[in-house]
Amino acid sequence: MTSYADTRDVVGRPAAWWGMLILIASESTLFGCFIGSYYYLRFRSATWPPHGIPEPKLVVPLILLAVLLTTVVPMRLAAKAAATGRLAATRLFLALALVVQSGYFAYEVHDFSDQLHGFDITRDAYSSIYYTLLGADHAHVLLGVLFNVWLLGKLTRGFTRYRIHATRAIALYWYAVSVLTIVVYGVLLSARA
Amino acid sequence: MTLRRLEILQWTGLLLGGLAFAAAHVVGYGITEAECNSAGLRWGISNDTWEVIALGVTAGLVVVSGLAAATVVVRTRETSYESPPPPGRVRFLAIAALAANLIFLIIIVLDALGSIVNVACRQG
Amino acid sequence: MAIATPPNPAAAERMERLELIWESRPGILGWLTTTDHKRIGLLYFWTTLALFGAGGAEALLIRTQLAQPNQHVVSPQTFDELFTMHGITMIFFFIIPMTTGAFGNYLLPLLLGARDMAFPRMNALSYWIFLASAVFIYTSLFIGKAPDAGWFNYVPLASKKYDPGHNIDFYCLGIIFNSIASTLTAGQFIVTILKSRAPGMSLNRMPLFCYAMLAASFGLLFALPSLSADTIFLFLDRNVGTHFFDPSHGGSTLLWQHLFWIFGHPEVYILIVPAFGIATSIIPAFTQRRLVAFPLVAIAELLVVFIGFGVWAHHMYTVGMPTVSMVFFAAATAMVIIPSTIQVFAWCMSFVTGLPTFRTPLLFIAGFIFMFVTGGLTGIMFVAIPFDQQVTDTYFVIAHFHYIIFGAAVFPIFGGMYYWFPKVTGKLYFERPGQISFWLIFLGTNLLFFPMHIVGLLGMTRRVYTYPSGIGWTAYNLAETIGGFVTLGGILVLLGNLAVSYFRGPPSGPDPWRGPTLEWTTSSPPPEYDFAVIPRVTSAYPNWDPADREADRLKLADGVLMLERGHEQPEVTPVDGRLARVAHMPHESPWPAVLALALALLFTMLLIDRWGTAGIMGIVCLLALVGWHMQEPEEE
Amino acid sequence: MKGPRRDRRFAFLVLGVVPLAGCGGSQDSLAPHSHQARDIANLFWWMMGGAWIGLALVVGLLVWSYKRRKRRGFGDDVEGDKPGEKRSWYAVLGLGIAMPIVVISTLFVISDLFVIKTTQAPASTTTRLTVKVIGHQWWWEVRYPGTNAVTANELHIPVRTPVRVEVTTADVIHSFWVPELNKKVDTIPGQTNVVELDADQPGRYRGQCAEFCGLQHAHMAMYVFADEPSAFRRWLSREEKPAQSPSGGLAADGERLFLNGPCSSCHAIRGTDADGFVGPDLTHVASRTTLAAVTIPNDRDSLRNWIVDSQHVKPGNLMPNFSVSGHKLDALVAYLEGLK
């Protein structure tokens, strides 16, 4: 217990990172409940998806998924750059990720409204849980996009320890959203089985 | 035994059993849900077989986890659970894990008894 | 040994700087923008106390209506709204916010040796959202549109077809709104407990109160999403036309029950585990003995919540599940009892082997043990599925969970009020009236709840607004009603005692009980910065380690670890509590209140189907968040 | 009958509350009249005995701590702030872990592996009669498959005969519960649940909806009449018959009023054009002992009052008040009272 009143040595992860982890835990549980409900309803219906509803598309979603996953790399690089205080690099990687993510989100919204024309959310239990799950996932992508926009805005006025922590936390959020999206697609596509 | 190894055993003891139990609980319930509803007619799975498999595996994991905790408790009997970390904390959490795994194991056993003795899908 | 009087001029000068850095803005504005965990704790305390009054009034109205058969004190509709609001209020707006929001906020940093929560502004936000949600849900009562399908709100009774009014929409939105506040509290409790402990407080040296809060927070964090999903589904079913709960379109009414009880049963443990924490704080102080079997009690507090997630379907034994499914939950139900038996006997052995002085706080804990064991034993009976199926939805169940919720959750709250009253006010309460209040409440509650076991076995079902005479229920119901009013009397004595003591009580000094934990090392009431020196911790009972306290005094003299340079507190590693970094804490901020207000408007717009306006409010919330984060903790 | 009642009295004294004279009433889960209900009741008595022992143990420890409040620890282990720690650990491990695990596991095995077999839904082969009970807000519709018999709120079964009761709902979730005969079972939309009734002596057993189902949940009771098999067959054959219309006079006016008035839009009377299905089937309403789901007795005054002012008797029930009086009311009542 020596005099470390002035110590600024940094061990372990900042509270901000842990806070983000908590948010992720809470949101993942929400998705867990949606997914549980999905299968609960599925077990109760003889045909899934019900007659008259097309099986969920396979190819396009997988391609989109791949696109979204690629953005994990720049996010990771951004976090690393921030940790070592390389401002320009951080901005670059964030911007790169943001472009791809926005593109992904834009297409998904378009695709979502397309499907709604096919079969409406008020059609039956399948359509209800299908759109709820998909919509919730898209909403989380949107939140991530907003995070990145906000962070880039912040970084225009340089680094502070606070912003470095924010970068780490938001990167963590994106890893989680990517995993979440994989799981959600997995569940929705399982209707083909 | 090195502290590092004790650490690993202690965390195994603390986490493995709990996770295994949680998984088995959800899966075990899910199996019955699936079999005893219209979907199950299509899949035609046998409740007892699946339950016994799931619960057997889990019981194994819980036992492993319990043994890990027990090892740590034995190996650290010289230290007190109130002594400074890491050793004190390792012993502390190992003692806790031992109790936890015992409880998980009993639940798994009772689950198994229940799903074997009772007729699957008979409304209770 | 308060660190109120600095030992030398240098130290005095440093403490002045601390005062300046941490002092909060004066007046109303100070309270609106505060991020001080103690002030937020007090705000929570007064708000939840008021709501406790509301819930109690509802309960007494219910008891008055049921005092005699075939009475018409209130109309059936009013009765339904009363018991629904009673449940919602006591669970979501009294016990959870009282134990976590009030006790947790005020005490956690003090027991951890921290200066504030890990996320002070988030802490403020959780309070303002809680307040807004309380106003939101109580508006429904005053405009005569209160939820009326029970706090469990089963569909299809709660569906648009059978409940077309806004009553249930108030329920859905109010519950979602409130659970945002609880989630925020839970999340930052977890981070605070993991990251903001005093250096040296490793997991095996953390007070049991903190374990209890950790367990309750994990419970809230993982239980509330299930309720949110459920209420979201119901809101969509009612207002968008989805079919989650509509069997005619492939939905399932039982889906509601599953999701509800996946939240609802952990909820029960979330209600009582913080009370365990209060008990495990009071027992060592008044037996002058470290709690027996510390590691087992610590894990028990976590286990009861963990296993509590696996027992939900024992609320649904009568819905016609396959026997095998029920047995799964019965097995978990059977073993979730073990953590509680561990704690009960650890408490009792501490009583036996320590030197118990039965002052009011310990009396309430003894009463709590009695009530908890009684309710627990009837709980064990629900392991027997056939018996559960016989008595579920009767007054037997009401008796059971009121012994748990009033006996095991509220008794420790009362005990805690007495125990920490000197710390919060700097005054001592009066002992004699304290003991009177205990005995009134103890006898009152037993007279109120015990006969419910018997009328339940005699077949009296729950949620009936009246009952016929001649079935042998009348005498018991009358006794219950009398007991209710006796309990009210006891609570009034308690509040009166504390109110008078606040003005007339003798000064308490920093440590009237020779308490074991860190809050007793600082002055009463504690300074804004809680501790002048980040305390040294080498056990779970730091105030009983004279060497460490002496070390603190020396550090104060040399100005070590005072962190008087800025709005700072140390962060530690989550497991072994080694110093990780010094964190910069944010200052007071108006944004939490603003954001809560915007959210309240958002939910109001959803309620009255103004989706467009609701969207605009959503954007306002985002802007508020941006404004919030404009202000960064300054670096020196 | 004398035996169980006395020891139940005794038990209430044990429970610490003096019971009413002749208490127990007619909806008493501890006055079993079937082997299922008896098994459940016995289960309870055993559990209650254990519960009292457990409570005594804990209270004993607390009282003991009060008696020895001046002494620390055990034996010579009285030093420091953990006096008597070792023995306390043994107590916690023994009383807090080992003992409850054994006791509760035993309870689990007995109740959830064996007793549950007697109370769970009967296999369709083991019962000799099936009755369909349909929950409505706020009354019970009773049908006897294979016959035309339809009645309400009063369910007749042959005594000493396992009867399969299939419960469903027409609207929200209700719960079918006759505590003296068996556990309760909910009526779930889109699902049929089954419970067995097997009364071991003739009698009238009160039941009540146990799941909150709206405004008049409090007034949704029913009677189960366990008749001797011969009496049951006579009752059933009478219930099957359509109503014979009155030869003339007051009752005949009443029939005309009933069929041309609003009554027939909600109520059915087999053998007439009245085929409403919102309210109970009234073909043999006069043969029932109560009205409005065991809310009021089935006599002339109650019936009159029910027709003109049901919203006062049972606020919120789906039958509006009718402003009929004088001759018309007398006629209606006469007609309904003739429907034996």
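General remarks:
Think of it as A, B, C and D in the order they're written, each chain with its own count starting at 1.
Here, a contact is a pair of C-beta atoms (placed from the backbone, for glycine too) under 8 Å apart; a residue touches a chain by one contact, two chains touch by 3 or more.
Quick caveat: nothing in here was measured; it's all calculated off a predicted structure.
Shared contacts of chain A and chain B, meaning chains that touch the two of them, come down to C. Distance from each chain's C-alpha mean to the overall C-alpha mean is smallest for C. Chain pairs B-C and C-D differ in how many C-beta pairs they share in contact, with the greater number at C-D. Distance from chain A peaks, on a Cα-centroid basis, for D.
The centroid of the Cα atoms in chain B and the matching centroid in chain C are 30 Å apart.
In terms of their C-alpha centroids, the spacing between chain C and chain D amounts to 37 Å. Chain centres here are Cα averages; for chain A and chain D they lie 52 Å apart. Chain geometry summary: the mean Cα position of chain B and that of chain D are 41 Å apart.
Counting only residues that touch two or more partner chains, chain B has 33, 99, 106, 110, 114, 118, 122-124.
Chain contacts: chain D has residues 97, 101, 105, 108, 112-113, 116, 119-121, 193-194 touching two or more partner chains.
Residues of chain A in contact with at least two other chains: 40, 44-45.
Across the assembly, chains come into contact as A-B, A-C, B-C, B-D, C-D. By the touch criterion stated above, chain D contacts chain C in their complex at residues 12, 15-17, 19-20, 22-30, 36-37, 39-40, 43-44, 47, 50-51, 54-55, 58-59, 61-62, 64-66, 68-74, 81-85, 87-89, 91-92, 95-97, 99-101, 104-105, 107-108, 110-113, 115-116, 118-121, 137, 171-173, 175, 177, 179, 183-186, 188-191, 193-194, 206, 208-218, 315-316. By the touch criterion given at the top, residues 30, 33-34, 37-42 of chain B touch chain A in their complex. Those residues of chain B that touch chain C in the shared complex are 18, 21-22, 25, 28-29, 32-33, 36, 47, 51, 81-82, 84-86, 88-89, 91-93, 95-97, 99-100, 103, 106-107, 110-111, 114-115, 118-124. Residues of chain A that touch chain C in their complex: 1, 3-5, 7-12, 14-15, 18-19, 22-23, 25-27, 29-30, 32-34, 36-37, 40-41, 44-45, 50, 121-129, 132, 146, 150, 154, 160-163.
Of all residues in chain B, those touching chain D in their complex are 99, 102, 106, 110, 113-114, 117-118, 122-124.
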